[in-house]
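Consider the two complexes below, in which chain A is the common component and chain B and chain C are the respective partners.
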Partner chain A sequence: MLRMLGITKSYGAVRANRGIDLVVPPRTILGLLGENGSGKTTLMNVLFGLVSPDAGTIVFNDHPLAGHTPREALAAGIGMIHQHFMLVPAMTVTENVMLGWDAAGRWLRPAAVAERIRAASHTYGLDLEPDARVGALPLGGQQRVEIVKAILRGAELLILDEPTSSLSPPEVSGLLHVLRRLRDEGRSVIFISHKLGEVLDVCDEVVVLRDGAVAGRTRASDTDRAKLARMMVDRDVSAPVAREGGAAGAERLVVADLAANDATGVERLGGVSFSVRSGEVLAVAGVDGNGQAELVDVIAGLRRPTRGHVFVDGADVTGRGVTGRRQAGLAHVPADRHTTGLVADMTVTENLAFRDCDGPPFRRGPWLDFGAMRAAASERIARFAIRVGGPDVPARTLSGGNQQKLVLARELTRHPRVLVAAQPTRGLDPGATRFVIDEVLALRASGGAVLYVSTELEEALIVADRIAVMYRGRFAGVVRRDAVDITRLGLMMSGALTESPDAAALYGRKAP
Partner chain B sequence: MTEFLAATVRIATPLVFTALGGILSERAGVFAVGLEGMMLAGAFAGVITAFLSGSMAAGVAASVLGGAAMAALVAVATTRFRAEQMVTGLAVNILALGLTSFLLRGLLGRGEAPTIRVSPLSPLPVPGLASVPVIGPLLFRQPVLTYLALAAAVAVFVFLMRTRSGLTLRAVGENPAAVFAGGVDPLRVRMLAVTCGGALAGVGGAVLSLQQVGTFTDAMTNGRGYLALAAIIVGRWMPFGTLLACLLFGAADALQLRVQGLRLPVSSYVIQMTPYVVSLAMLAGFGRTAQLPAAIGTAFARDRPS
Partner chain C sequence: MTVGAPASRPRVELAAVRALAPPLLAVLLAFAVTGVLIVAAGKNPVLAYWSLAHGAFGSWDRIAVGLNRATPYALTGVGIALCFRARVINIGGEGQLALGGLAATWVALHMVPAPRPVATLFALGGGVLAGAAWAGLAAGIRLKRGVHEVLATLLLNFVGLLIVSEALQGDLGEPGAGFPQSPLLPNASWLGRLVAGTDLHVGVLIALAAVAVAHVALWRTPFGFRLRILGASAPAAAYAGISPARALVSVMLLSGGLAGLAGAIEVLGVHYRLIDGFAHGFGFNAVAIALLGGLNPLAVLPAGLFFGFLETGAVAMQRAVGVPTPLVAVIQGLTMVFVLSAMGLTAGRRRV
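Entry: the complex of A and B
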């Protein structure tokens, strides 16, 4: 159905695609695997005509595609569902479907289109209300709008770029079900992901990219997670993590009865107390939106608490600003690296220097020492293996995983006493995830205290000495690593179980 | 009372055209700060052409071209060259001010401001309806451009809300990347929208110069372009809401004119301020909850790695 041969594309010094061949047979779900920055998204943008390749040929259904626009790709029967949805949030489902669709006619007939949406929604089990405003739909719903758009436009090949990274588990299984139905109807699907389980579950064939080239291709039935992981990163990331040192020491971060409201005045954090000790990781698990963001913001100094106190190494920092907290030894990895973590249009050097440019070595008298900044940046790029064209390119040009490494490099090289990390592995591939976990554990081993917020329970279990589960702004329970019971944690996350934790669990002391 | 309402309609008419043009531009994601300049260019081109050719129709056509030409500058600068929209709009306003004054003297006055007179467009009564008391003279005994203003509001509404091109235009103002992924070039849409918007603003200028005054004086638009901009916000970027807002501003101005006639012990300058105070107050009230088109003010560029 699709043959892409010798696709090559460079962005400045970064060679995103180096002669990639990709063949998709009809009636096939093909998994496209690779780390962040391995060239998957670029390859698909080339196929869809969003980016023009430097070299290579594309043949789709016996028709060559060259120098084509997205419109020509769509007309040929290629539908793309981007990682960031191409929808207009202020408009309804029907309006979004009609947008740019020639068959919708010159004059709008919303009722007729709504009827077709209902029909397709019924056939594929998409559960879409045509008159709903897209901005009000959950992410899974918005994704189904993209799917219905592609189906109604007659797409024979659907490209899904990391479609499951922001979906809840039931939404994921619903999506995989839809994909199988599409294949059984005679369409093909390119499924881009770095979640190996899902790829093995739904795909017929798998192609693995590494550093912009094909690292391997195989039938899904002939492989397993370990083999795929090795193809992706060329090193073993499934080896057990090393948990060295970490005899819990003195209390470094103490939080007492902390509460906070959101912008509309609704209480989102309802009074939590705990402490994290030197050489210890406290993971905060729970479904997203249960007050984790508020907890992190208040500790980091980005949001005022309505009551309660935050102590770092015994000093009350509640009244201090971000700078004051930083000087007390607090580092913060924000959940949103695009808006809070980085300034996307500033260079890698500037982003790395940013929170430390008020003192030596980056300040010389009243001036910034750009030489020192660039030297430090180069050193950190090497140490954290950040894949980047150089220290002077904008942070925007980095892939998600490398942007996150940038944030970590900045926060960790300061040797913080307390690290607050909010979902530091969100959207990252297994290799980058492993890197983040290893760095966090290294900080723990050297005596740091880490508060690690994650929505992935599996990950929380790997890093944590103690796990707290948040539900509706409170701790539904805190469990020590050696007493973990997955079922109990699951019940806590869903709000079905609330335990009042004892002092040992809350503050890390040994039970008497 | 009838006289007051008639003044309201008269003052609102140029605002309506200009604001409708601004809606097209802003809905496509380009701030319509340049309305004042487009309006002024339209007023100038209209009256000069009508004066030289003796044809009012040619005058109106020239005002369309004059406004569109100014808008084309904004369109190209903000899309192809990704210029800052506010600054570009202000630059066009200043350019139009200087250019019209210069051309007026250079083309016709040999260095001095010439006297140009055309007889303003006369009322065109609708047979039968024009003799109905109160609403007759108000709605059916008006010059041709006033009728056209109403028609334009309906046309812009139908285009924006009932055609696929209108849907695409609105989507460009909300999320140009989505439109691009759908196979339409958002920059082309913006250029067309801004240029057509300028054409409408040009007619707004013609209402002043051809229908109401019959001549051109320097800076004769006198801030009406900015008032139209305020009307768009109060009218929530919807044609009929904006029409209503223009009428409200017109009423405030008409009231101001009457109050001046009352010889109150207040400076006439203070009274002349009222329409602008009213628009400020309304902006403070309505503008707070207004939802700007999400992508307004942002440049769109393809071929960027994400």
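Entry: the complex of A and C
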């Protein structure tokens, strides 16, 4: 169905694609795997006509595609579903489908389009109500709107870029089911993902990219996680991290009956209490949107609680601002590194200093000490192996993994007593993920207390001494590392099980 | 990713060229298009521009007038540039400048007799405080009542200008003058002359100093760093512990103070009295100048000089060729359009 041969694309000195061949047969789900920066995005942008390749040919359904625009790619039958949805939340499903669709005709016929949506929804198991407002749909539903948009526009090949990264486990299985239905109805799918389990689960074939070239292609039935992971990174990714049992020390972060509302006044955090001890990692697992973001924001001082208290090292910091909490020893790795954790247009030097410019060493009298800032930046670039042109380039030019290293470098070289990390590995490749986890564990080993919020259960299991599961703004349960039972955690995440944890689980063991 | 640049050229030079090229090109384009308009009006554009240049630079006197004219532009423009850097859209320069002039006049007329530098300093100080207070009022309305500062500063302009008119109709007016203006201020409060025999006053140096201070404050102090973070990303600013309210108030006070200072200098250095409508056009042109200077304090200086000399030259152009002065406003307007278009094209390359 699709035949891409010898695709080559360079950005300056960086060769993003080096002669990639990609063949997608009809009725196939093809998994495209690769670390960040391996060339997946470039390849798909070439296919969709967003960038033109330096060399190579594309043949789609026996028609050559060259120098095409995204509009022509769409017309040829290629649909792309981006990680961030291109939908208007205030409009209905039908209106979103009609939006920018030439074939909708000169006059809008919502009823006819709604009928087609209903039919497609039935055929592919999309479970969409045409009159529903898109903003009211869960993320999985919005994704299905994107899928129905692509299908009605005649897409025979759908490209899904990291489609499961923001979905809850039941939504993921729903999506995988839809993908199988699409295949069974004669369409093909390119499934771009980091998650080996999902790829193995749903794909027929797998192509692995590494450093802009094909590192391997295989039938999904002939391979396993370890083989794929090795192809991706060309080294053994040993899963469990070696760690000491660790004697947890004194309570460093104590949270007492903390509650908070969102901007519209709806309660998102319904009174949680726990503590994290020195030399301990408490992971907060759960499906995204169950109050984790509010918990982190309230602890970090970015949001006012409606009740409850936060203590850092015994000091009540509830009334303090961000700066006061930082001075008390609280470090924060925010979930959104693009607009919160970093200022993309500022230099690496400025980004490494911007949370610390109100005191020494970066402030001397009324002045900013740029010499000290640059020296500290060079030192941290070396210490954290940040791949960057120099301390004076804008942070925006860094890859996702290196941007996160920048955030970690700033937060960890302050030697914090408490670290609150929100989704610190989201969107990172396995190598960078490993780096983040190693740094978190190093802080733990040196006596720091870490609150680690992650929607990836596997990751929570790697880092945590205790795992708390959040559901609808409360802890559905807290489990110690040695007593972990995946099924139980899964039930808690889905809200099917709520345990009232005992004091030992909530507050950790007393130091011996 | 430099496009079409020879690799051998030094980096710094290239960056400077790239920063300067858009405004210069925009100015040239504006002159070219206006030239077409002059032709359409049946006049000779070469002659018109020659007389414009002659009027602006033809003698030391003319240059002094141009520099005086550029002074309030640079002062107000630099304050507005700092505001815009922090995404605080202060377009109230006109009212702040007007009240600065009013306060300087009031102080000069009412204070006990004092020797020259003291009287002048007090009058200037009055102008700074009044301008800052007027901007602070807008900031307060923004913070307490949630009215966006664009609206608050814009509307307070009208109030400020009318307060000046009202004062000139009343106590502050010169009896029997036939025009709303104050009596001549006592000589002791006048700004000193910088070059004897010309109109050039000390205010030019004050403007230079203000530009230098603003440059250092923006790029070399934690205060300026905070403004730049706030302007670049509001969530990042919150994460850095920056209070948007405090930043709003401080940058508004600063910018209002500079505008008030500009008004005071205009009164004490040029007119020696308060004249109704003296602030007209300064506030909005200062916004244009701040943008023309790419919100960089140092670059606001040439932008202010450009506007200042353009306007002094315009009078001569009208006299010599009969091209109406409003055409200069056309040049200013077109320059702005072209500069902003060029900025749009190069968006993302700007240094924050």
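Methods note: the second predicted complex is superposed on the first by the 401 of 512 C-alpha atoms of A that agree within 3 Å, B and C clash if a C-alpha of one lies under 4 Å from a C-alpha of the other, contacts with A are read in each partner's own complex, and residues count from 1 in each chain.
We take it that contacts are C-beta pairs under 8 Å (C-beta built on N, C-alpha and C of every residue); 3 or more make two chains touch, one makes a residue touch a chain.
What you see is a predicted model, and the numbers here were worked out from it, not measured in a lab.
Undergrad: May I ask you to name which of chain B and chain C touches more residues of chain A?
TA: Tallying touched residues of chain A, the top partner is B.
Undergrad: Who does A:R106 touch here: chain B (first), chain C (second), both, or neither?
TA: In the superposition, A:R106 touches chain B alone.
Undergrad: Quick one: is A:M91 in contact with chain B, with chain C, with both, or with neither? Answer first, second, both or neither.
TA: It touches chain B, and chain C stays clear.
Undergrad: Output check: A:G154 vs chain B and chain C. Expected answer is one of first, second, both, neither. What do you get?
TA: Neither partner.
Undergrad: In the superposed arrangement, which partner chain does A:G319 touch: chain B (first), chain C (second), both, or neither?
TA: Once the two structures are laid over each other on A, A:G319 reaches no partner at all.
Undergrad: Now for A:P64: first (chain B), second (chain C), both, or neither, which partner does it touch?
TA: Neither partner.
Undergrad: If you lay the two complexes on top of each other, which residues of chain A touch chain B in one and chain C in the other?
TA: In chain A, positions 11 sit in both the chain B and chain C interfaces.
Undergrad: What does chain B use to touch chain A in their complex?
TA: On the chain B side, the touching residues are 161-168, 170-171, 174-175, 177-184, 291, 294, 302-303, 305-306.
Undergrad: If you look only at chain A, which of its residues touch chain C in the complex?
TA: Those residues of chain A that touch chain C are 11-12, 300-302, 321-323, 326, 332, 334, 336, 339-346, 350, 354-355, 357-358, 363, 366-368, 370.
Undergrad: Please give the residue numbers of chain C that touch chain A in the complex, ascending.
TA: 1, 220-222, 225-226, 228-229, 232-233, 235-236, 238-241, 243, 348, 350-352
Undergrad: Show me the residue ranges of chain A that touch chain B in the complex, using the header's touch definition.
TA: Chain A reaches chain B through residues 11, 16, 41-42, 48, 50-52, 69-75, 80, 82-91, 95-96, 98-101, 104-108, 397.
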